[in-house]
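Each of the next two complexes has subunit A plus one more chain, namely subunit B in the first and subunit C in the second.
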Partner chain A sequence: MEGTLKKGRIIGLLLLLLLAFLLDISIGSIKIPLGEVFRILFSFHSENSTWQFIVEKIRFPKACTAVLAGFGLSVGGLQMQTLFRNPLADPAVLGVTSGANLGVASIMLAGGGSASLYAIKELGFSGSWLITCAACAGAGGVMLLVLALSSRLNSNVMMLIIGIMIGSITLSVISIWQYLSDPDLVKEYLLWNFGSLGGVTGSQLVILSLVVAAGLIIAFLSSKKLDALLLGENYARSMGLTPKKARIIIICSTSLLAGGITAFCGPIGFVGIAVPHITRSLFNTSSHRILIPACCLVGSVLMLLCDTAAQLPGFQTVLPINIITALIGAPLVIWIILHKNNLRNFG
Partner chain B sequence: MSSDLTLLHTRDLQTGYLSGSRRTVITQGPLDLEILAGQLICLLGPNGAGKSTLLRTLAGLQPALQGSIEIEGEATKRLTPVQLAKKVSLVLTDRVASSNLTVYSLVALGRYPYSSWLGLLSEADKSVIEWAVSMTGIESLIDRKMHTLSDGENQKVMLARALAQDTPILMLDEPTAHLDLPSRIQLMRLLHRLARQTHKGILLSTHELDLALQVAGEVWLLQPGGQLHRGAPEDLVLNGVFEEAFVKDGVLYDKAAGAFIIHSDNTVPITLTGSGVAAFWTQRALQRQGFVVNTPGDSLHTVHVSEEGGVIRWRLEGKDQTQIYGSIGTLLNVLRFREK
Partner chain C sequence: MIKISRNLFFLVLSVFVLLGAFSCGRGAPKKEAAAAGEAGDAFSSEKAVIRHAHGFTIDYYDHYKLVRILDHDGTKTDTLKYLLVQEGTATPSGYPGAQVITIPVKSLVVMSSMHVALADFAGVADRIRGLGNFAYLSSTVVRNNVKAGKVTQIGLDGNINNELVISMHPGILMSMANPDVGFAKFKTMMDAGVPVMPNSEWLETTPLGRAEWVKLMAALVNKEDFVNKKFDSVEKAYDTLAQLGSRAATHPRVIIGMPFKGSWYMPAGESYMAKFLRDAGAGYKWADTKGIGSVALDFEAVAPEALTADYWLNVGQVDSKKEIAGKDPRYASFKPFKTGALYNNTKQTNDIGANDYWESGAVNPQVVLADIIHILHPELLPNHQLVYYKQLQ
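What follows is the complex of A and B.
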């Protein structure tokens, strides 16, 4: 009976995902009717060529990016909460996100210079390959550092503290650069920091999907390990799990997910903390075999709704995604705590 | 030394923690230990003597400083984590604090070393889980969430998980801590039964001396200095090892009574006559009151316990008067009054 209940919820979420996807494409500064969106997506043709252009070139890639970001950030968050047995952990605790930040800052601020600024202006700011590559390099660098350290540590708690410390160091280096930089450059950098789903198109979208897919596959393959870690490291080890190996695999997966998404979309907060909690209370299970796909669904629906909310018609300006996620996610988490009273439990 | 029954044996084992380059030996050795099939061993010793360290080392959770541990003829050092997990299962003091984990999923996690890469359970896995659930008598709990369990239920569930792991050796670190008296007795009785019925070798550390003496086939008594005495509990009592182990802390063990002596500074002599259960409990009451019962020499009072037709009477004979009382309580009140 419980199984059918879960299946029902999965199907419900799939329908919701489809609806949110179409809604996200339909709503914007120019409203496109849902039926028309449907026709463009499935027959690649519309009477209105402007609409077709908007859907194909702008809104469809953006909705895909939202889905990918929802997948990656929520599964990353779930893995971190289980690995560190901490309900407040999210993908950013590893410092990989701030690594991406550092990469971007080093191009935008430290480069300081005409060269990088020219490149940004020339290639477009949010979709700039330069920015993306810098962010990837930063995230990758921190990931390697974290992995190197994690193979020397015996406890996940130490890993958590070190991850947070690395994040702090990175952010203060960025702050120094900000302090010493030209206000115009700082503004550009801050804009990147608001996060954007809009800049990822074409080949970038392909690369992002590959990175997220790799991260998700690793995560799903380690779902048995994550289940064992729910009992704590000692029990996990007594059941035949090698904590160090498991930790490295989980960190790899989360770094790919969080690093990749931050590199392409900028930092997007909150989804990583909120979605695992929402999913656990919705599915009432501790099995990662179910939680990982379920997190993907809940995360992508939440991201699409946030993106839709960010561009509601009537508002001329589109709000940055990073603001909306917290604005919608935080009340949800508070509601869950009040109703279930179980944030202290994280399995 | 080792026979077919030997599940685990150690040679020159030294356990402890390595802290940096400085070597801190907690349990000094060298220890030559043995766990036999069907044997229930209680590891006793004061806090800080290194009980947990020894247990963790034997279970392979931490490396030995020196010496070797062999399980079923294979050195644990050479076993992979999964192979080791099929030989030793554990019940630890760590609390499992996961809200969505049901009792069934937790017990099912015991099949971790056997299940597929995705953690899917085969029919064989399921029947082992069912067996573990029925052995520990937790059928009524299996749909409950872990955080709703009482401490006693929690321990039974953790034990079921260890049983589901289907290992010849089972180790438990202070399984009776935090439990109330009935739960403690139930758990010990269960472990005793498991050892006999399943022929597992069970090693548990505990502070429950009385219970340990009753259920353990063998006691390992760990001293703060790192010495370890092993033997049948009765042997350790008779050859004075027990007495010696506790006398340093100013605690006396009464061989004859099989209990610790709490009232060791009594001075007033009293004579007690009579036999049976009533006399036994009267003696305890008098000792609590500060009397030394039935020592040679003059005593001011004599208490005679008699039982007729299910009615117990206490006759108190003093220097000049004799009276009969109907309960120990009144007898004690009179004695208290007379002392003044």
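What follows is the complex of A and C.
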């Protein structure tokens, strides 16, 4: 009975995802008739080449990025909440996203001197790839540091504290750079910090999908470990699980997801915290075999809706995605806490 | 002995200045006064008349000038007052809250390329003793002084080294700050006796209005005579070109700038850039938008225009078509990219990466306008050689 209910909800969410995807693609600052949007989507052709460009090259990649970000951030958040048994954990607690931030800041601010930028350009990187690679390098660096530390620690709580401290250190380094940099560069960095789904196209989208897919596969394969961890490290140990090994695998997965998405889209907050709570209250389960795919669906629907809301139909301006996710995500979490006492899983 | 002769000198000077101002008030030009103006120290005989700029006013009195820096914010206008008092004369009373600047100012601390350009235009670039950041410097005079160790880097608006500036005892510090927002941070400096003047030329809505801030610099160094003449010729050249451009038969459609992460900032309709485009006879889709800064647009909102535009100007921090496509492969679909009608205002970028467009270009709007007209309507100015702009390959 309960199984069919869950199946029904999953199917419902799938339909919702499809609808949200189409909604996101059909709404924008340029008015394109719905029929034309569908024609472009399914036949890749339109009489109006401008509309075709907008749907094919702007809206479609953006919606795909929203889906990927929704997948990755919510599963990353779920894993962290389970690993640390803390309802406030999100993919950023590991410091990986601040690491990505640091990488970007090192290019935009510290590298601000045109001389060093020139030198990097000579290496063959240029444009958006430069920022993305820097973010990946930053996220990867912090991830290695976290992994090295985690193999020496026995407790996940200590890991949590260390993650937050690493985040603080990287953010203060960035603050120093910001303080010392030219206002123009700081502005560009701030813009990056607002997060954006619109900058990922072509080959970048392919790479982002591969990274997210890798992170998700690892997460799905470790769902049993996550179930066990939820009951406490001692219990997990009694089930024959090595908490340290499990922790390393989970950190790898979350780092890939959070680091990859931050590298391509900039920081996107709140989805990672909010979606696991929403999903748990929807499905009333603690089994990660269900929670992980369900989180993917809820996360991507939420991201698509946020992206649609950010476009403010009729306006020529788009609001930064990072603002919208918090604006929508925070009230949702409050509502859930008030209506469903669903934090019990974190005893 | 020295003190007496100095006092005597100032007494003679002020009598002379008074006479000069008096005769000037009657409208009779005096040769002596003009000669003194060229010497550059005496109180100016000629007044600066502001015709384009909205951000400041200058009122002339016998031995002092009253400068008001205005901040138009909706219906209310905020004012900062400055008394420019001729060296050796008494500070007039009755101006509470006004900062006092002794003129002619002999040493300047400036923040932006624009300030350097103002000083250069007035012929007093060698009086710059402090500069916010050396990285954005084009003026050869100032660069030589930097090499000779005569100019100190003092940090940008947010984090100026107060102690360093105060110990330099500059005659004035020009800041980029908005007249009301964030001006409080200069309190230490003003308490220590360094007058701080915000230079909000970037709030002007026309290129000539921006350039006219040279007259404020002129008032500070008693060079109204020299600067007025120079500005008049800039104005005349600009107006002639603007007539030529705005009467052009065609209006090629133009897009400006480069999107970043899906947001595209276009100059707003009341910005000086939009005015340049209007005067150059360009078709600019956002010419009727409100605001003097820029409009934040969605990439999608600009795409229809970008796909079919005739020209793409001020492309940003890129130097070739390859780099533009590297930023985002979608940009290669824009018509100006395909036809090669891509022009960037970076021709005068020097070996340290500073772009003179932001410096001398700001006080030579007639040259910038000529460049844009030549790009959009080559038939109107066939012999013009691009100065600040270059075509990207």
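Just so it is clear, the second predicted complex is superposed on the first by the 330 of 347 C-alpha atoms of A that agree within 3 Å, B and C clash if a C-alpha of one lies under 4 Å from a C-alpha of the other, contacts with A are read in each partner's own complex, and residues count from 1 in each chain.
As a working rule, contacts are C-beta pairs under 8 Å (C-beta built on N, C-alpha and C of every residue); 3 or more make two chains touch, one makes a residue touch a chain.
Predicted, not measured: the structure shown is a model, and the values here were computed from it.
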item: Superposed partners subunit B and subunit C on subunit A - clash or fit; value: fit
item: First, second, both or neither for A:209, with subunit B first and subunit C second; value: neither
item: Which of subunit B and subunit C A:53 touches, first, second, both or neither; value: second
item: Touched partner set for A:30, first subunit B, second subunit C, both or neither; value: second
item: Contacts of A:193 with subunit B and subunit C, given as first, second, both or neither; value: neither
item: Touching partner for A:284 - first (subunit B), second (subunit C), both, neither; value: first
item: Touching partner for A:238 - first (subunit B), second (subunit C), both, neither; value: first
item: Included angle at subunit A between vectors to subunit C and subunit B, based on C-alpha centres and rounded to the nearest 10 degrees; value: 140
item: Which partner reaches more residues of subunit A (counting touched residues only), subunit B or subunit C; value: C
item: First (subunit B), second (subunit C), both or neither touched by A:86; value: neither
item: Touching partner for A:227 - first (subunit B), second (subunit C), both, neither; value: first
item: Overlay on shared chain A, then closest C-alpha pair between subunit B and subunit C (Å); value: 40
item: Residue numbers on subunit B that touch subunit A, as the complex places them; value: 59, 61, 80-86, 88-90, 92, 94, 96-102, 105-106, 109-110, 112-113, 115, 117-119, 147, 165
item: In the complex, subunit A residues that touch subunit B; value: 85, 221, 223-224, 227-228, 230-232, 234-235, 237-242, 280, 284-287, 289, 342, 344-347
item: Subunit C-touching residues of subunit A, taken from the complex the two chains share; value: 28-30, 49-50, 53-54, 57-59, 62, 113-115, 126-129, 179-180, 182-183, 188, 191-192, 194, 196-199, 201-202, 266, 311, 316-318
item: Of subunit C, residues touching subunit A in the complex; value: 133, 135, 156-159, 260-263, 295-301, 303-304, 307-308, 322-323, 326-330, 333, 352-353
